[in-house]
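Note that chain A is present in both complexes that follow, paired respectively with chain B and with chain C.
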Partner chain A sequence: MAPSGAPALECRDVSVSYGPVAALSGVSLRLAPGLIHAVCGQNGAGKTTFARVASGLVRPNRGALFISGQEVATGNVARARAAGVELVHQSFALPPSFTVAEAMEFGAEKGTPIYSRRGLEARWKQHLENLGVRVRLRDRIRDLAVEQQQGVEIARALVAEASVLILDEPTAVLSPTGVEMLFDRLRNLKAGGVTILLILHKIREVLGVADTVTVLRGGKLVEGPLPAGDTTPQRLAHAIVGSAAEQALSGADEAALTGAEGRDLGASVEPVASVPATPAGPVALEIAGASTRADPEGPALADIDLAVGRSEIVGVAGVEGNGQRTLVRMLANLADLQSGRIALAGTDVTRGALAARRGAGLRIIPFERNTEGLSLASSLWENWSARQLLFGPLLKLISPAAWRRDCDLSLKQWDVRYATTTQPAGSLSGGNAQKLILAREVDADASLIIAAQPTRGLDVGATAFVWKSLRAARERGCGVLLISSDLDELFDISDRLIVMLSGRIVAEFRPPYSLSAVGAAMTGAR
Partner chain B sequence: MMLKGRLITVGRAIAFVLLALILCGIVFQLAGYSAKEMFQSIADGAFLNPGAWKNSLRWALPLFITACGVAISFRCGFFNVGAQGQFYLGAIGATFVVDFMAGWPAFVVIPLAFLAGILGGAIWALWPALLRVRSGTDEVITTLMGNFIAGLVLIYVCSGILKDPSGTGQVMASRPVSPAFRISTNSGLSPTIIGIVIVVGVAMWLLVNRTAFGVLSSLAGRNPIMVVWQGAKLSRLGIAGFVLGGALAGLAGTIEVLGPNGRLVSGFLPAHGFTAILIALVASLSITGTAIVSLFFGGLAAASLYLPVLAGLPSAAIDIINAAIALFITARTVPGLARLAARRRASGST
Partner chain C sequence: MDEFIIATLRYGTPLVYVTLAGVLAQRAGIWNLGLEGLMIVGCCASVLGLVQTGSLLFGLGLAVVLCVLGSILLWFVVEKLRANPIIAGLGLTGLGLGGTDLAVQAIYGSQASVTAPEGLPRLGAIFGPAVGPYGVLSILVVLMPFVVIGLWILLRRTRFGLQLAAAGEHPFAARSVGVSPSRMRLVALSLGGVLCALGGAELALGSLQIFAYGMTAGRGFMGFSAVIFGGGHPIGSSFAALFFSVVGAIGIRAQLMFGDRVPHDLLLALPYVATVAGVWISGRLRGGARAAAVSGELRDY
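Moving on to the complex of A and B:
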């Protein structure tokens, strides 16, 4: 470990630009050893770029990198690793078909060319146990829960004697309990002398775990590193969002984003009285006694009864993997319905194909933005027009120019940032990609919108935008089914909350919500 | 932006073809032939000699039709490599009609022959499509195997039911098509054929660029999961693309029999379907690109007849050149193929 004088990681005047876009400009930062540091900011603020510079993945146009007081050549992963810096990626990079032991061996420096599974398992068992990662070494990576995958990923990063561990958005895929487990793990590592750099979105998480906080905005350092004890959620939120955008946040949204205290009492929750009285007519969605067969993608649903009224946002809480995905697939007619009945806006669609259900007003913001939501290699306008094109005759002549114009108008309304409608959807940032999906799925004819993790990985501004859009849909008389693993989000915008556990609906809550009661229902404690 | 992107794609394709040609030149030079003479005679045979362009066009037109079909099924994300077999079945179907309806008037027989040819090709694409959609059988395997079956069926009918009894015995072939039913002379160029090619070209261009089918099939080819979540019947798009591809290959087979070939010969044009796949890939599955690239490969086919005479090279040199181009283009399209493979895994449930 470096002497207390030398920072564990130091960047001097680092600038990175991708073409005309400056991702980082003139960032200088010194991070003291043996602490947990957080770097936060919006999407596109330069957080990930910063992590990549620090770990040698990106060579900055200008600036120098020091690790434990020693200058390290920039843009060289091998040098950065030799100096003790390890990066855990935002999306996990473990090969899904490998066993845990193989994944550990893969990338370890002193690997042997010929190995036996048994030998590998013996070799890595102790290492994983020391780090408190409880997995079976012969399980395949793809069969592990995300928390376990992340644990393995961290363990792999710590194979070499890492002195600085960088985690890019480690909480984005975790359930609330998983986040707590991760933080405990990080605190243990800190106690062992490892310096930790966290790239994070959520202010509450930052303040819950970090010793110092640094805020990036638009590629510039705007605050920090300052001790976490010296700042407040409000101050951080303002630093992250900037003064202009901040005014767009309503009080309750800000509370949800910052995870302000006192929510258990319901005191800071926006009065739900603003919800208009439910208009007469059939409910947006009615599921009666629905059960599905178990399939490889998730647990079976058992006897689901659920109604979503018009002008109602129903939140679905639950630890990930308890049937939320099956519920969405069942509504999309992509799961095997065994018994029960589904009606959309009064129309029975139990046997209806997805096209018929969409015709009855069903809209889906799916879990997986980049696979289920968009075709990344296809252009913006093709992605945007897919829903309407599917509804019309397939062989009728269309005018792509007219569709591109309509798409242009719509995307401008939804505040999507892009250069041209012919650019591939994969070139959009996460927030803009999600807005593209919203622009396609949230229209005047929608009667039920299923929003599955609609704000996962989005920055504060884009998250507030998604919430605003869902509320606006509710005001128009649309029902919304919101599936989220972020309880703050659910508490903030749900008119009603159900909890799923093992493929069943186990509890239902109305505001004001109690974190402890919902948490107990999620974990089956009651 | 869009134009620039397209220009880059085209430029890259040309660069790869040139690289393949240079590589072949080096190999032939090392093997003791003159690369300069080889390229000179290819250029002469394809385009420069008087009348060479007509010869190139004769080969290019049927290739273009088959390649359009390949491009459309690839765009849908269905890797139909059975164009050769579909081409044969089309030719067989057409020959049956002209052979058994010899006494009928041409205005009845010719349309029926076309119908039979198109149906023959379509049916030879339909069964792999159904196997793929119903039971997830890999269409690359089934269509490839289908080519061999079709080749054997061709030998079977040429040596049996359609056999020309006055034949020499050296080649197995059907009776020559009655002149009344021919749509061109042996030159392979006639208003009928050119008209058919123009109609097919325009229709396919419209289908790909100006219909919802075009947009959705291209989305499905790139990310079938997304299209499923939009409510599309992926299997229907796939069957449509498959069958259309087969129908076009069958149409090309019909044109060969009623046009330049004038009869069905066992084992004729054994590389037609594979060259068409190559054309579609070089053209990045664009219909306009397919038209241009067809001319180039038509030229190579025409030149292969000149090579033995002019450069003392075996005509198989053209096959080697084609193979080299295929190698380079495949290297370029590997990411695309990987996506197709991922799609096959991912869409197993639909």
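Moving on to the complex of A and C:
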């Protein structure tokens, strides 16, 4: 791994702070040209900030940036792009109303001053074909599947002669086959001489594709860049998590986080077999033949049959946008149910309003923590007590002081870190905000908890806490419907797994799970 | 029929100019409710500049400068002071309506209106009698379709237009390719200021040659509605504006035909009723309220 000549990308003593929070402190890093480099770390380790500094989106408080040996002014995207650095974002950054051709053009450099629609399509057709991105140039970005969108985003990043391509968490939204396709694409680019910097947090993927590995923790450089061949998943996991947080992880959780080999064994670490498969008594949730109209947030559901038993965690796998959101909206009485029946803990709630459903024990941890789950501008106690407002007469007097006290007690039990219950919910970190939602939703009266992406964006410690809470709810006799795009998480925690594709349930699995079978069902490849 | 077309164009031309200013702002991600204020500044400045110096060009230049300054003020308040664009736009409208009234009173005392000695060049004076009854229309009427086409090319057929749309729809995407959304908005609002000045000048000097307080009578808001009705597309929105003016012309016709049998006010209200109906229809067609809600929130993370 002898670096030939100048490094493709070099950072010297880069520090970034957002207010009092140091996102990066004193990071110096040299990345050799022509290789695939991985930067890994937990959430909040500074990976994304690092990527944004390197691409000029964020101006560091201190430090210098060199691209191919030349110093480049920091905090200037145009300069960084001119020097050949392009960034592909975690959540895609293309205007949804643009056509594919327009999305290529708007960041391009040369070309005719006035284009025609056809000229534009002719100009970019070859470019997309060369990269193996198969889309119609007339399609709008918002109508593309996530894999295609990512392909377009990568093609967008390569419209100019990029020498360094940075991808921020590119695998988060992809199915297993999509990940393989992405990695093949990256290897091709590498063969074409492009230096690639991957921001990743899944160790299995890192070791599968990267030539060198760099680990960030708490905004500091911990390790690297060292050749990927010289490290092991365990060593990497320890570097990422650090020694203090490590003890909080159970064996199974660690296996899920590292994506360790022999995952089929990983699932059996939990005593799944000791839980009765179909317990007696009313099941927590029963959906029979449910179909909905098309929903603004996803495809219509078609003929969904699903039962979640008491003391059972049912995982819902599937590429995003295949009806998972509609499923949750249907259960929350937000989507138009056309036919079918829904029963909660034996009570028919097909026509029931949300209040009735919550009364029957439905609890929801929604997809979007910051928009659906919490009112960020409202205080902690107001968010926490929101569920009480559904019950009782409309004009019932409330006692804020009593609720603040109850909230304080509850949040302490859930180990939320906060100063006062009157601070706005927006001031909490992601993990603490999720705990606040858990404190509200996971109570003794719950009979069915819907957890939609409950660990997205959380660090290892908070993730383990969420998993522990869901398992504890199961032990109490609660049914859990866990929707996640993280297969490691689903494999680790689910007693049963269903796969959704285009608004239908297309497959059901029981442990031990096979990655290839689930992946095939997710993409409809069977 | 000629009369009807002339009435439509007289009513519609100022509206189209101000609508195009709204289209520019909307593409850049700002719902500009200051159009009404900018337009009346355009009316007032062009007339006052002309009356005070006797030079039509000076009047037009003054209108353009003041409208651009007003737009820059809006940009500064929205972009630098982080004010809500809707509120800031309404503030600008208030400033325009009040400011022009104040200017007239300060210069001419308590005079209700200011009459200009001449108007914009008429077609009849330029092309001779060949244009027939259309000779009464001003040069800005003829210019209008070219401005519409030009703006369509700028917005939909150049990279600048794409970058402007990206700045409005997804500022983060614009920043990621090295485009400053803030600068894009400044450009869009300033260009819009020029268009508002032209629209105001056409309204005041095109056929009437007069400035009266509040003479825009809600045309800025009507232009704003045309932007919504036309989906923010330069050509679609211009047609929406022309549709409103057709209804206005029908109202004028109807007054002549029915005389006192139908209340005047009712007929004068027709274009406004059409505006409300148009916004409602466009809402039904493409979820207008939701589209507006999405555009109102500028995602930049």
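Heads up, the rule we're going with is that the second predicted complex is superposed on the first by the 418 of 526 C-alpha atoms of A that agree within 3 Å, B and C clash if a C-alpha of one lies under 4 Å from a C-alpha of the other, contacts with A are read in each partner's own complex, and residues count from 1 in each chain.
One rule holds for everything that comes next: a residue touches a chain if its C-beta (ideal position, glycine included) is under 8 Å from a C-beta of that chain, and two chains touch if they have at least 3 such contacts.
Worth saying up front: this structure is predicted, and the values here are computed from it rather than measured.
In the superposition on chain A, contact of A:94 is made with chain C only, not with chain B. Of the two partner chains, neither chain B nor chain C is touched by A:360.
Taking chain A as the reference, the larger set of touched residues comes from B, when chain B and chain C are compared. Of the two partner chains, neither chain B nor chain C is touched by A:517.
Residue contacts after overlaying the shared chain place A:105 against chain C, while chain B stays out of touching range. Using the contact criterion defined above for the overlaid structures, shared-chain residue A:114 touches chain C, although it does not reach chain B. After overlaying the two complexes on the shared chain, residue contacts for A:57 are found with chain C alone; chain B is out of touch.
Within the superposed three-chain model, A:373 lies in touch with chain B and out of touch with chain C [touch as defined at top]. Chain A has no residue lying at the interface with chain B in one structure and with chain C in the other. Contact residues of chain A toward chain C in the complex are 55-57, 76-81, 87, 89, 93-98, 102, 105-108, 111, 113-116. Those residues of chain A that touch chain B in the complex are listed here as 332, 334, 353-355, 357-358, 364, 366, 368, 371-378, 382-383, 385-387, 389-390, 392-400, 419-420, 422-423.
Against chain A, in their complex, chain B makes its touches with residues 1-2, 5, 206-207, 209-213, 215-216, 218-219, 222-223, 225-233, 339, 346, 349. Of all the residues in chain C, the ones that touch chain A in their complex are 153, 157-159, 162-163, 165-166, 169-170, 172-173, 175-179.
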